[in-house]
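The structures considered in this document are given below.
The same chain A turns up in both complexes below, where it pairs with chain B and then with chain C.
Let's look at the complex of A and B:
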């Protein structure tokens, strides 16, 4: 049972991530504009967009039902639960029950499930195709994610994200090579999970009119957009928490946590800089060929397992 | 006319035709040395067109319907064939239809390329093609009255707007799929096209089994407008506005159609200037399409970079014509502005910059890891289908056919310089893109050579008189392919008939075959690869049914709402 200070930390962490998510997506947009040689909107544009959308009318297609209506809330709630369990500012999970790797993976899957379901429920054919793509992508990316994280768990001897991170930070791992290879495989899976080019299949604007987002408007659209940017920050934080925990606080002291915050901000800035360069230098992959890409991920993750067995 | 029997091109074709069908041709009239109009008997029309099309390397360029009751008591049809075999000329097959029967034998069963033209002439003149496989309306909206034919001389004032006859859309989309398919509607408004066109994709999973589409949501009534209220020179400015991208090509085509009809000699310098401006237009249009290809594959960085560089082509146009879109420079008989010495120097400097910058960008584009994979083998246009439907421009050249009006029927300044015709055999989007890239470089070369080759002298012929009921063709190779205009002068200082056929009009019918077998996600890319121009295709009417998702709102109601802005029918 977590004590009060852990709960306070968890709530603060979740709210903090929620608050900075639009800033991070704004930062992506600024980078994008730079790569396009255009001036582009400012860093705070996504906050302005959210405020604008919040004041708009919420329209639902007549064919849509319950799932379409509750999805934005369910998705946001799920992601907030994940943010309370991921070790981001601290080396350990603020709430241990939510910080288990299997729980985290399936909470992400829950969000994805509702996101896809809403697309099918909207009655729009584009949203439907987007939804089926989203599910296919989930099926493709999950094995990579599972395998890579289970490798890390085997190496550290626990499925708790915090414990894995601590072990990696301290160098108490069974095999260094296996850890690095698993990290590469996980990074690939996380990149697909970000939903950025060349893998933004489900929300492909030019192909599917933004897929499941097509039919949303007003506050619902704002919530979904906000959730998507929160998800991006969260998956990067997840990766950093497990494989790059350096700099995060090992205790609950205020200075430690503040230092952790600064280091996390730096990690995010660097990660999204790399992501920005990649996403703006490629075309969208053809959906038919995505399985070939994800097989590479599975291959790399399996390689980590081989290294683990050999003990290199 | 200026044509004399020794220099006429295409006499062999006519001789062969007469030998094959001795009694079909009743009259031949030469408009220029390489333009002949033959009058044939109504019943031999399909045979004559088929013979010219398939046995003498003819391609169907356009078909003109004309209400000539006030001249000779008949309706007339003119099938324009561009002969691209050994003798390169235009043969126009003319036939007369009696106002009592209003029927003619359809050419479509023997030459599929005629399908849109015959559907259009049925809508516009009420002339019934007997045996036409596709009896749906093409141009007129669903709520148009059945017995009102807009282009008949006695049908309506151009300001008149008939009462809508019904509220529901009853257009039937054709699906040839054998298996069960899901319908994915693309449009009338879609995120990747800024103009309305309604595509129905019939898909199985993500694979397109068949597709059908309708255009003409924004018909502007330009032909009627030109015939009823504009003088000859005003129409050159109207023709500019046919297209927002390649309008100058239309204005040159129109002006030369009138010049051909009246035998006006355009000064050589004016012709060179027209060619230079046409190439300038091609520069910015091809850069636009290259940018859009990037955009449709999700590579927005490329899109933005191409649009940045494209701005130089617009600057060039602005310097040479005074407007960013090469507008308002033509008159019947020549052009309004000369290219001065310093403008020539500035042009050379600008296109040198363009060449360097675009070369860099194309390098980046072609080495972008997954770009080629995205466009290769997508949207295949089979060469045989291309042969049957007469598409034009980079679309047909990407499927291996050597068709380029500039080379086949040199017009304006292209007589001064030779030019290569770029083709690719891949038949896919990559091929079309590569054709455009090659043409971009050719345009730069052409501008340089034309600036040097242009002789001095006047830029405008004046002092001619307009004689009634003369007609001829005028044509250009716009960036999207051949533009074909047919004009007939009237006796009231206005055109009797102006038929303007934009290049995209000929490319739409083959799109269906290009879409089949690809995925839904590639559909916008494939549509984009013909570089479509919706508004060019759509030239004539105004009424449209406004649809809200499940319900249909009466047009009147919508109009009232636009006026009053209260009690929205959409709520």
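Let's look at the complex of A and C:
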């Protein structure tokens, strides 16, 4: 079981991610404005949006039930739990018992379960379609994630995210090529999970009026929007923690963790810069053709598998 | 390792016999109560529930104690009536008894739906069905095993055709056909083994050593025979037709436990009975392959269903696949001489076997409650039931999350162990195992994601959103009656306990696995941590995750309360959902068909596979019907050439002799005198 210092680190890490999530989504908005050569809102605009929404009325459609009401809380709580198990500031998982790769993938499924169910529960057709798409994307992406991470795990000999990251940082992997190819496949899957263009399917703003979010308003909408930006920071942190663990702290010392924080901020800045460039230079993929894209992911992950088997 | 103590209970074997007697009593009492359905419900249900309790009390302590045996002479010298309660059979006894207990409680209210349609007969067959399942798993003689296996198939056949409509009868016929094809294969496997063992006792089977090719043949026969019972693809075709046709509490028993007897049989033949014979690596790989294919195809087909019970039945195919993945890894471990891997794989399979019985029972009972109120199985005509049936909805939601392997519920724990066993197999092992197991893990991930989608759809379309009933004047249904809620509540609680208390449950299941394999015990828990094969590989703590989830949920609640400033206007029921300016209509919201449409589009080829599989079975059915017609046509031939001439001859002779019997007693006297004279003449000479 984790000791007290690990628990404190875990809670701090979760709160930190929650606190910076609107900043990161604000950063994405600034980047988009830059690429559109317009001035756009400031870096802190998303905080202002959240505060404003919190003061508004919370309405729910007459057909909605229990799930619609609890979803914002369940989703944020689940993402916070995942944040406690992901190695982000440190090389190891703050709470190892929640930091297994299988546990992480299935905890994301918990969030997905409620997010989509609330879409059906609202009774709105847009929300229903968004829910269906969200789950379809899950079906297409989860096998890629699983295969890519299991490749990395096999090379490290453990399914613990922290142990995989440590092995990769120390270069203790049996096959460099396989690791790199698995990283590419996982990066692709993570990009789809971000819900950004060209894979902005479930919450497609212009097409589906934000999918499952359509019927949310006021504080509930604020919580869901916040959770969605937390999820984006978290999946990028997940990728960095496993495949790019360089710079994170190997122990519980304050200086090490602060240094890890600075390095993490840099990683996030670079990652979302890349994401911003991609997102603003493509159009939305047609939903019915997404399997063709996700097959690329499966292909790359399988390639890593082949490299692993051959032992390159 | 601390074990639960059951020393206050009587001997497990005695309790088991008590349980069987209670079931038999319930069956007879139910028949005697013919004509009074209300009485029949209670005299079948109460002894049944008590039998379930006794079975649980017999099974639970026997899980970790040494095997006990009950033996009496049978009617034939080869058929020793031997019952054996070892950890493996105790596991099945406990699972069957739990589900039986819950189903009987549920039935007290549920069979009202079947008033006047033979409730006493249902009580009779259901009680015999439960008893025969228990007898199958404890029988320790091949003859009696087959007798009880047949009894189980027959009693469940009568439950399937209970509705007596054409669909039920057809489903029942197909079930009958496949069940018997399976038992023929099993019989063949047992005969071959008996030939080598010199007797029909399983005790002798266990020590017999078969030559490798013959052992493989026995394994294949057993695997296919029991696989048909388990409903693995491609032998699943009867399952999605037969299970939905039965009454819901019977479906819960059939899907929850009867198909597990198929898995039990595979484990019994491959690991228990063939334990002394050389086992090949390809056995495990074969089981693994069938498991992976069954899991993916089962859930893909489930997604396309509108009929709630068919959807659940296809999920049984999926979960049998997941159980087989664990069993397959266990067999791989056995064949490659890696006992730790074998124990881990088998333990994962057993854990999922228990879990699937619990959540699938729960879901079938939940579906039964909905059908009880709505009188339809079509999900498209439901919707919004959660508002007036909140407890049914909550239980179904727990079951849906458990079957979707959502942490920290029980389905997740067993799938986590399954992944870990696949991972451990991939880490070391022959190239072929290294190749197969990561692919199986990926297919399990695909299955998991599809299951989430399927159960979001099932819960969403039935319990959430607006009501879609075609008749708008149809009022909102009432909550299900209390006995049905109690039945579901017990299983929902079991889903939570088996998940969160996994650090206590896993070592017990691990012991069953290691004892079945005859291997050294493996540690599966360390305090509140779950460990697969040493803490280096992975650790998990479901209690910790549960605490974290509850603790973290406080944060958004507090943020909302603080930032919204106690807004009194908060929480208001708004207008109908926004529909781009059009008048919103119920038909605009998500339906069972539209929700799964992307998957039907993306996985089109897999549905084509089903069509061609179905055509094979239809072909078989057609051929069987032709055979029956042929038999019907040839049957008169016997009459015409053998029976008819004889009867005609007798008839003719009779008519010839008729004049003798004129009816005049003076003539009869003359006959007597004539006879006397003839006899006298004969004796005097």
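FYI, the second predicted complex is superposed on the first by the 312 of 312 C-alpha atoms of A that agree within 3 Å, B and C clash if a C-alpha of one lies under 4 Å from a C-alpha of the other, contacts with A are read in each partner's own complex, and residues count from 1 in each chain.
The rule is short, and it goes like this: contacts are C-beta pairs under 8 Å (C-beta built on N, C-alpha and C of every residue); 3 or more make two chains touch, one makes a residue touch a chain.
Computed from a prediction, not measured in an experiment: that's the story for all the values here.
Visitor: Of the two partners chain B and chain C, which one touches more residues belonging to chain A?
Guide: The partner that reaches more residues of chain A in the superposed model: C.
Visitor: Have a look at where A:251 lands relative to chain B and chain C in the superposition and call it first, second, both or neither.
Guide: A:251 contacts neither chain B nor chain C.
Visitor: So, A:120: does it touch chain B (first), chain C (second), both, or neither?
Guide: Only chain C; A:120 stays clear of chain B.
Visitor: Would you sort A:38 into first (chain B), second (chain C), both or neither based on which partner it touches?
Guide: first
Visitor: Examine A:287 and indicate which partner it touches, taking first as chain B and second as chain C; both and neither are also allowed.
Guide: both
Visitor: Applying the touch criterion given at the start, work out whether A:61 contacts chain B, chain C, both or neither, answering first, second, both or neither.
Guide: A:61 contacts both chain B and chain C.
Visitor: Identify the partner contact of A:129: answer first if only chain B is touched, second if only chain C is, both if each is, neither if none is.
Guide: It touches chain B and chain C both.
Visitor: Is there a shared patch on chain A that both chain B and chain C touch, and which residues make it up?
Guide: On chain A, the residues that contact chain B in one structure and chain C in the other are 61-62, 125-126, 129, 209, 287-288.
Visitor: Help me check something: in the complex, which residues belonging to chain B touch chain A?
Guide: Chain B reaches chain A through residues 182-185, 190-192, 206, 294-301, 303-305, 308, 368-371, 373-374, 519-525, 549-550.
Visitor: Which positions of chain C touch chain A when the two form their complex?
Guide: 384, 386-387, 390, 393-394, 397, 401, 404-407, 412, 415-416, 419-420, 423, 426-427, 431, 434-435, 438, 441-446, 448-450, 452-453, 455-457, 459-461, 463-466, 527-529, 536-541, 544-545, 548-550, 552-553, 555-557, 559-560, 563-565, 567, 569-580, 584, 588-590, 594-599, 601-602
Visitor: Note which residues of chain A are touching chain C in the complex, please.
Guide: Answer in residue numbers: 1-2, 14, 18, 50-51, 54-55, 57-68, 72-74, 76-78, 80-81, 84, 95-98, 100, 102-103, 105-107, 109-110, 112-113, 116-117, 119-129, 131-133, 135-136, 138-143, 145-147, 150-151, 153-154, 157-160, 163, 209, 214-215, 217-220, 222-223, 287-288, 291, 305, 309.
Visitor: In the complex formed with chain B, which residues of chain A make contact?
Guide: Result: residues 32, 35-38, 61-62, 125-126, 129, 197-198, 200, 204-210, 280-289 of chain A touch chain B.
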